[in-house]
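Which chain is which? They are A, B, C and D, in the order written, and residues in each are numbered from 1.
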Amino acid sequence: MPEYTAGTFEVKRLDILDSHGNSDRALMPSLGEPEIKDIYHRLVLARAFDQRVLALQREGRMGTYASILGQEASQVASAYAAGNNARVFPSYRETGALIALGYPLYMLFQYWSGDERGMRVPDGMNIFPVCISVGSHVPHAVGAAMAARIKKEKLPSVAYFGDGATSKGDFHEGANMAGAFNLPVVLICQNNQWAISLPRSRQSAAATLAQKAIAYGFEGIQVDGNDVFAVYTAVKRALDKARDGKGPSLIECFTYRLSDHTTADNASRYRSAEEVEHWKKLDPLARLGKFMEKEGMMPSGYAEEAARQATAAVDEGFRKYEEAGPPSPEDMFLNTFKTPAAGQMAQLRGFSGGK
Amino acid sequence: MPEYTAGTFEVKRLDILDSHGNSDRALMPSLGEPEIKDIYHRLVLARAFDQRVLALQREGRMGTYASILGQEASQVASAYAAGNNARVFPSYRETGALIALGYPLYMLFQYWSGDERGMRVPDGMNIFPVCISVGSHVPHAVGAAMAARIKKEKLPSVAYFGDGATSKGDFHEGANMAGAFNLPVVLICQNNQWAISLPRSRQSAAATLAQKAIAYGFEGIQVDGNDVFAVYTAVKRALDKARDGKGPSLIECFTYRLSDHTTADNASRYRSAEEVEHWKKLDPLARLGKFMEKEGMMPSGYAEEAARQATAAVDEGFRKYEEAGPPSPEDMFLNTFKTPAAGQMAQLRGFSGGK
Amino acid sequence: MVNMVEALNMALAGEMARDSNVVIMGEDVGVDGGVFRVSAGLYGMFGPERVMDMPLAESGIVGMAIGMSAFGLVPVAEIQFMGFLYPAFDQLISNASRIRARSRGRYGCPMVVRTPYGGGIKAIELHSESAEAAFCHIPGLKVVVPSSPYTAKGLLAAAIRDPDPVLFLEPTRLYRLIKEEVPEEPFTIPLGKARLLKEGRDATLISWGSMLQKTLKAAGAYDVDVIDLMTLSPYDEDAVLASVKKTGRAVIIQEAPRNCGFASEVAACIAEKAILSLRAPVTRVAGYDVVLPFPKLEDFYIPNQRRITDAIEEVLKY
Amino acid sequence: MVNMVEALNMALAGEMARDSNVVIMGEDVGVDGGVFRVSAGLYGMFGPERVMDMPLAESGIVGMAIGMSAFGLVPVAEIQFMGFLYPAFDQLISNASRIRARSRGRYGCPMVVRTPYGGGIKAIELHSESAEAAFCHIPGLKVVVPSSPYTAKGLLAAAIRDPDPVLFLEPTRLYRLIKEEVPEEPFTIPLGKARLLKEGRDATLISWGSMLQKTLKAAGAYDVDVIDLMTLSPYDEDAVLASVKKTGRAVIIQEAPRNCGFASEVAACIAEKAILSLRAPVTRVAGYDVVLPFPKLEDFYIPNQRRITDAIEEVLKY
């Protein structure tokens, strides 16, 4: 056998709910009506919050913001599958996942207004603070999974990152270690087709991002990221597998960033209106709505009521955010070390408080 | 098609010359007797040099050294395929490749004795200085390939690195960019089964290292690294492909480090004598010798004469090394910048010369 | 009258026109023109081969630049923010800065790594870094920091023409803050030389890049020398020492945290070589030794004009 | 009587026995016992779950340590040589040092990164680095450098028990050079405090880690204070200032290149806070501002006793 096959590999793709709201019954996850409605409400809330921050940012009342418009399904359905039974490691574009996990909205307002207090993850929530340096949190998730194994906690790690992040060394090092140690890790790539202005096709010559898992000896799958059921199913399977000691998975959620990269970006400089229009038709929220209508889960006025509730929740979150007031400048001296160093205390004493 | 195959991938393995010296005629590269003998002589020379440095190191006359024993075929045959028509980026364990490329032996002695002058690659040779930080030279090779393309030079890049290096972020970033830009790059992984004390199986859960190429959208192949013909064939193919604008390749040379990691290591602490014995039987030099005998290329006394010539060349190299004498301490001030900075010149003026 | 972004763009266009080996690489530098639009228009002028959008991998970008520069190109790599230069620290310290010494001159790395640095634009975490001192500690790497449109243009051209690797730090806050007259035609400002922006007798204020405008404002009311270092490594010791020997008092102003910042180096140099002329403590005005806060507290962190004035008043007491 | 390697091994064994959350991770730390054998025997005692051989990926190792430490473990990560810590610079500066501030205290990183540093063992390139200053410039990261077996044991135990990330630099040259009495039972030496090794009146010699032995030898003939800083960040300013105020003269000795080294920080502090007591220039003895040479020239690069003596003589002239 002089030249022979040393290995063959396959990457799967999972689609359950199509853009007309029709689902593949055989593959439908076991989610009851209350759960599907719950997911729907979280999608609506995530979108309402997202749009509010964008509006506030335009008024100069929030800092630079990374919108999740179009990615709500992949974020919300994945986080819904994780719940509080996994440790979640978000990037800056996981507002939808955080909202699905129940993160207090006023704290998200704080975060996007530039206030660290928004990242003091509430006790009891298994969420790591947002990571800005792309991909650098992947090893954190892998380390947490190692801690979970050693400490015999059934808490797999779930790391979220974008298509761009798969090019980073830290993604590679983390994923490889997750494989080498067979750790309970679920790597969720939000392939939203763009890393700022770089299209997915120029980020890597790999035909899918899911196939990158082959390099690490574990399973990769691509799912329709605008399909809550496909996302939920893949993440649930991967979490079950992780909890069973069967190691890591990579899930590529094939989705789309409908907004600019951030409020500081202008996507029309580098991508076509047609492309955006095409993806608007694949809107994840509308799609779930159609499904629910077909299934009779959407009585008339339901969507409006959901939207109203979401607006009220966002209003309430914003009110609480405003009530909390600005952070105290002294905070800056007190949180670098658990016990501030003598020099820091001296600098605090010399600190005049004024800008 | 709800859950379907998004992609299938295959990794090949190439073996041509077996350990008894029998070759697969159909796959034999078009190398004539003079070329095969040439390769043989370079293997012998590489081994003779390697053993001499080890001996000198034991006497305290050389610094820490990384032996290539067992890896001569994958180094020599690959470098032979590259010749001076590619740019070669070696790690610290590529003495065999450098020797096959005609690198002056006295300079290799200088290098391993701790003298920078040994890394002043002779003008006209397309070799980059040895890289010590594992994997960090992969992007350099990729950048050089970009330069070659832009400057319309038919000089693909060949980067050598170990199994351990495939875990590094820079391997990943470089390989991904090579794929994304479809650059003329040949990545040669010397999988010698160990990264110091870490066995290949624990370096990555991937069944082969060749399959890591799938992550970057190009071809990976595993070859018997102790088989000069398989190595030569795979590298030649990859170089031709690169020159034809068909992009990068990853070649995993499946070989073995018969010595300790370096002279500072003691491999018996972490691996079994049986394993080493097993691999000794697969010795690449003996194997080529057997082939040449069978083919009538090895008249009696031929091997001895080759060994004698190699010894003489190594003697001569060592003599020239000794003649060159130690480097001048002033050198250190003059090579950091092309034109030393004022402060460096001031430090040189203040430099007393004594240790 | 152009701002710093425009001046940098002019420098890039000019150098690319002058030398066909000069290429630009980085995330979003192409059609998008760079996050701060420094390379706007260049993709259209020079095409994708000379203005390369890179995958998201800073170590790989700088690593590729090393290989490109060793083999005939002159890459100008853009890193989007200094906080994302850190992944490339290894390539800079282990390779870019050492290729020449390692190969005893056979190879060099005539490359430039440009990145915005410093705070003041109220951006999220890691977008307001000023860790220049860590890079100044790398022998073999030059570090250059312009403080105005004019110096930006001249220094960038000089950095591109330099045969060794240069880290070029652009004060984010100043990108669009000031406009000044900048010649159309290419020109260079020599690396390694400081400039004296104001002359006086009572003290020497030493600063660079992002703190220079505030320093100048604070200096307004006093009879002091103001030195803009422009190149931090190797820096112009002579200019610093000559001034301090004249004035006897030194205040060094940096944005970075105090501990092991570049101001410490300048202060140490003065304490070593101008001690006999000193009439007052060598004083540093610096960021605090704490983790850089998010935007809401940023203004409390970055030294303001009052802190500089206080330091001047303090040294003048002696 | 034990050497530093043995003392470090004792500290690791002791802390692992004391706290089951303490785990070791790194390349070749397991069966092989580490390239310098600091973890020899621990794999046998504690098993593969607490002594983890890692794939070759320093950024990943430090990154994993961050996740481990945030969720209940106390990882002690070994990096084989300081030259291979550089790829992890980003994880240290962007994450390890900031997780506490970023999460306003919800998470911390009680982790230690150990690595040998400095030259003197005639190893190949990147095995003789002393870039401590670059890491001391990172707020949120502590930097500790022992200079003897005894301090190595006590400081490592303290570093492991510290709630914040600590970079622990072990002077390669001293690993087996000196032996001293070290108590069997666990003990700690507080971080952030210097020690006075010799008392005198005429000058203050300040050093740490790899240069301390040479400093002590050079000090032998003089009536000087010798301070071993032990912790570089945050460092014991009070000890430095008290001594310099007494002696009026300071010589700071480091192995690293002079420009932006840690000695610059100490000198700056003295120039700022003890200027009125100074009778002589604050003098630094340091490596040259050139790329660290390969072994054959290493002895010409690293400051030797004569250069220290010359500096002492020089300040004593004043």
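Everything that follows uses one rule, which is that a residue touches a chain if its C-beta (ideal position, glycine included) is under 8 Å from a C-beta of that chain, and two chains touch if they have at least 3 such contacts.
The structure presented is a predicted model; accordingly, all values stated were derived computationally and were not measured.
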Original post:
Does A-C or B-C have more contacting C-beta pairs?
Top reply: B-C
Subject >> subunit A-subunit B separation of Cα centroids, rounded to whole Å >> reply: 43
Subject >> Gap in Å, rounded to a whole number, between the CA centres of subunit C and subunit A >> reply: 36
**OP:** For subunit C and subunit D, let me know how many angstrom lie between their CA-based centres, rounded off.
**Re:** 29
Subject >> Cα-centroid distance, subunit B relative to subunit C, in whole angstrom >> reply: 39
Original post:
Which subunit D residues touch at least two other chains?
Top reply: 54-55, 57, 59-60, 83, 86-87, 90, 94, 97, 100-102, 125-126, 139-140, 234, 259, 288-291, 293
Subject >> Shared interface positions of subunit A, touching two or more other chains >> reply: 116, 132-133, 136, 167-170, 173, 176-177, 180, 202-204, 331, 335-336, 341, 343-344
Original post:
Which of line, ring, star, complete and other names the graph you get from chains that touch?
Top reply: complete
Original post:
Touching subunit C in the complex: which residues of subunit B?
Top reply: 87, 89, 116-117, 119-121, 123, 128-129, 131-133, 136-148, 150-151, 157, 169-170, 173-174, 176-177, 180, 331-332, 335-339, 341-344
Original post:
Which subunit B residues qualify as touching subunit A in the complex?
Top reply: 1-16, 24, 26-27, 167-173, 176-177, 179-180, 182, 202-208, 210-212, 214-218, 222, 247
Subject >> subunit B residues touching subunit D - in the complex, by the definition given at the top >> reply: 63-64, 92, 113-116, 132-136, 164-165, 167-170, 195-198, 202-204, 264, 269-270, 326-327, 329, 331-333, 335-336, 341, 343-344, 347, 351-355
**OP:** Please name which positions on subunit C make contact with subunit A in the complex.
**Re:** 27-28, 30-33, 35, 53-57, 59-60, 83-84, 86-87, 122-127, 259, 288-291, 293-301, 304, 306
Subject >> Residues of subunit D defined as touching subunit C within the complex >> reply: 59, 83, 86-87, 89-90, 93-94, 97-98, 100-102, 125-126, 131, 133-134, 136-140, 233-234, 256-257, 259-265, 267-273, 275-276, 278, 280-284, 288-293
